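Notes for the one structure printed next.
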């Protein structure tokens, strides 16, 4: 599903050298940043709103097990079937079982990052179930056999020309065009046929309301509504952390989500599903299933150092504002969630051995932390994870796996010097005296920068001389 | 804290010590000119940030302890380097969590004041520009901007200077790509970031860029030098001394 | 299956949770008068390319007829039991030129193809509107099924001005949604759209390409 991170740096470098890709990510992120800012120019207002968002999510997490039970009770009494899955394999099997129970060989999907995370599409395809993505971006990627590079705008790395060329290849009956309206109309036609004839729809969920047993979906296209309205069966797949206490918690989160994600005051559709088709109703799925996926979340929950990661509402703002993401794009990360949230989530979920390398891809500049609508201290968490990576403290899977003998020695030496003021000064003075003999080049620093110029005298010396002169 | 003290401690930072000592001296001179007694504890070394950000917390703690020791007292600790200020003000608490020094760390954190913040918010300094016309931009470090929240202060100081024209580079708030070990471990990404930063500064056609953080300056100046561009950065303390006639000999 | 449930819940229960430490005062709803709410609603709706026509209950049929004619709509899905249906039928009886009126009178399975291919537009009621975001609130029902606002290329919604709320939060509270949620509740803010191809906005990607709001002005407004 997701590529291993071993080659993160190699992929990042490759992406860096792709000028077109870099330019288009930059433009896209700048645009999203501007649109978001239009709503949050007033910093005090943003502080208030994000405080409210964080409080709602924190309150929900503080009662997570009971809320999940309440949610389940409500959903069941509303007629929705609830399934629990401890990991990706269980989740996939659960979905497959529902599909098989309806003798179906085809599903149509709305956007869902959790199904991306558990690799549902590949799993179903190998079991002879055809999967059709219906979000326009996801649909394009599926035709290309590619993965999303952004959690909100999956096909953001593709140009109009590339998509035009793809459509011309896949739909030879339609003349080549780069006109977005025409391309969109083509997709509409193909996908409408599919919505009409497919019996099982799969979607993600943005929020689940324990109080009323309601599943909320946020979208612009209407494919989410199609997937949850037209087929006979709707299967919603989501993470256990998405629950909130009550309906009144929804409006502030919704406002934060859409403004942070795309700079919209609201999306075109906000779809709240509380039950399957009821007696007498003439449409809507006859069955609704919710698959609650753990897949490492309960372990993150049990780790007090990282629990707040689960407040995330997947708005993508941290990604849009990340100067590293902007330059290397989403695919370099090799994770379901790229950017800062992925840099925290992936090592916690998959372990540091597999994902630890990602931790170096941050300057800890806090651009992410600043915009997170639920106040997750992303840079602080990346820093904490680096500590877990370097030292076997044991709270995170594979803690200590990033410790290299060389690096550890270097820091030991460093601290041996800097923790001894006199030794430090003696070495410093020696260095200053021999500053002409210090190396002129030290890769990789000097590959793109001149070496800094060592001063003649240290501040320590200058201050000493000054106070002697003053006396 | 916001009352004007008679005495402060100065924490110079390891980079200023070895690369930009004049910035430290200028900070001291400016403070003294405002009637503040400045104490520079000779036992200071480094705040510990490099190891802390690399994940080597035990090593960082060892070094940080030395600063806890030599910066004792009640006087404010002025730091002419925003990222070190942020380390001591915000991250010591985490670094010494569950340690015997937790309380001492919190006590020190509460006394940390970044240099421009001290000039503007505590001293309410008034500056008289005595220099010729000059065009500058400001690069506030990420720590200054997002951890210490002092990106406004440095600009308000420059705005007091009549002959200084302040221009704004694009993507001004974006990181310069230094990030400590990031510059080594992700050298190519770092190089791309600093290349964008220098390009934005060069497009401004400025005489100088001003900053309150020497880590960024080392990075940006290094890139400028290797591109053979004439532009260089100046630490805010040095720039202010220069403009207000207090630095004849430099 | 149930072991997964037990295992997950057990792990969650065993964990220490952190008490929320954020001081959060919910934002009070803005105090907008009727005019302000109306203007904001219209502005937001138009910003997302929905069309809003201000009219009155009396003129509804005429206004609708001429709008539909300009779009060459040949068939209009509607709820024959609604208050507006009566007016439309009356208008037709009076000689107004309206498209063929269709009712959603059987389960979707029985006429999916024709619903998808032959219905040009649908007319629905709303539960109200939200001024802040320019949103319509819909509670689809047996008489006005969910797909009416989704499948036909044009969606026309009737909104009474006095049902305008400042914010979603205010509407939820005053209409007491939490008491009993319908099988499906919707906020609709404009026609279906996508920006997935090079961030260029395209309309009607899956749902309606056009959204028309018939905003019925409140005649008592001046008095109140």
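For reference, chains read A, B and C in written order, and residue numbers begin at 1 within each chain.
Note that a residue touches a chain if its C-beta (ideal position, glycine included) is under 8 Å from a C-beta of that chain, and two chains touch if they have at least 3 such contacts.
Keep in mind that this is a model prediction, so the values were computed, not measured.
Quick one: do these chains touch in a line, a ring, a star, all-to-all (complete), or other?
line
Which chain wins if you rank chains by how close their C-alpha centre is to the centre of all protein C-alpha atoms?
Of all chains shown, the one whose C-alpha centre lies nearest the global C-alpha mean is A.
Using CA atom averages as chain centres, what separation in Å is found between chain A and chain B?
33
List the centre-to-centre spacing of chain B and chain C in whole Å, with centres computed as mean CA coordinates.
54
Would you mind writing out the residues of chain B in touch with chain A in their complex?
Spelled out, the residues of chain B in touch with chain A are 12, 14, 16-22, 24-25, 28, 40, 42-46, 48, 50-60, 62-63, 65-66, 70, 91, 94, 142-143, 146-147, 173-175, 177-195, 218-219, 221-223, 225-226.
Looking at the complex, which residues from chain A come into contact with chain B?
Within the complex, chain A contacts chain B at residues 9, 12-13, 16, 22, 323-324, 327-328, 359-367, 369-370, 380, 383-391, 402, 407-408, 411-412, 414-415, 418-421, 424-425, 428, 431-432, 444-455, 457-464, 466.
What residues of chain C sit close enough to touch chain A in their complex?
Of all residues in chain C, those touching chain A are 1-2, 4-5, 7-9, 11-27, 44, 48, 104-108, 112-113, 116, 132-135, 140-142, 145-147, 150-151, 167-169, 172-173, 177-178, 181-200, 202-208.
Touching chain C in the complex: which residues of chain A?
Answer in residue numbers: 24, 28, 31, 48-49, 51-52, 54-56, 58-59, 61-65, 68-69, 83-86, 90, 94, 134-137, 140, 153-156, 158-160, 163, 180-181, 183-185, 187-188, 191-192, 195-196, 211-214, 220-223, 225-226, 229-230, 240, 246-248, 250-252, 254-255, 262, 265-278, 280-284, 292, 294, 298-299, 301-302, 304, 307-308, 375.
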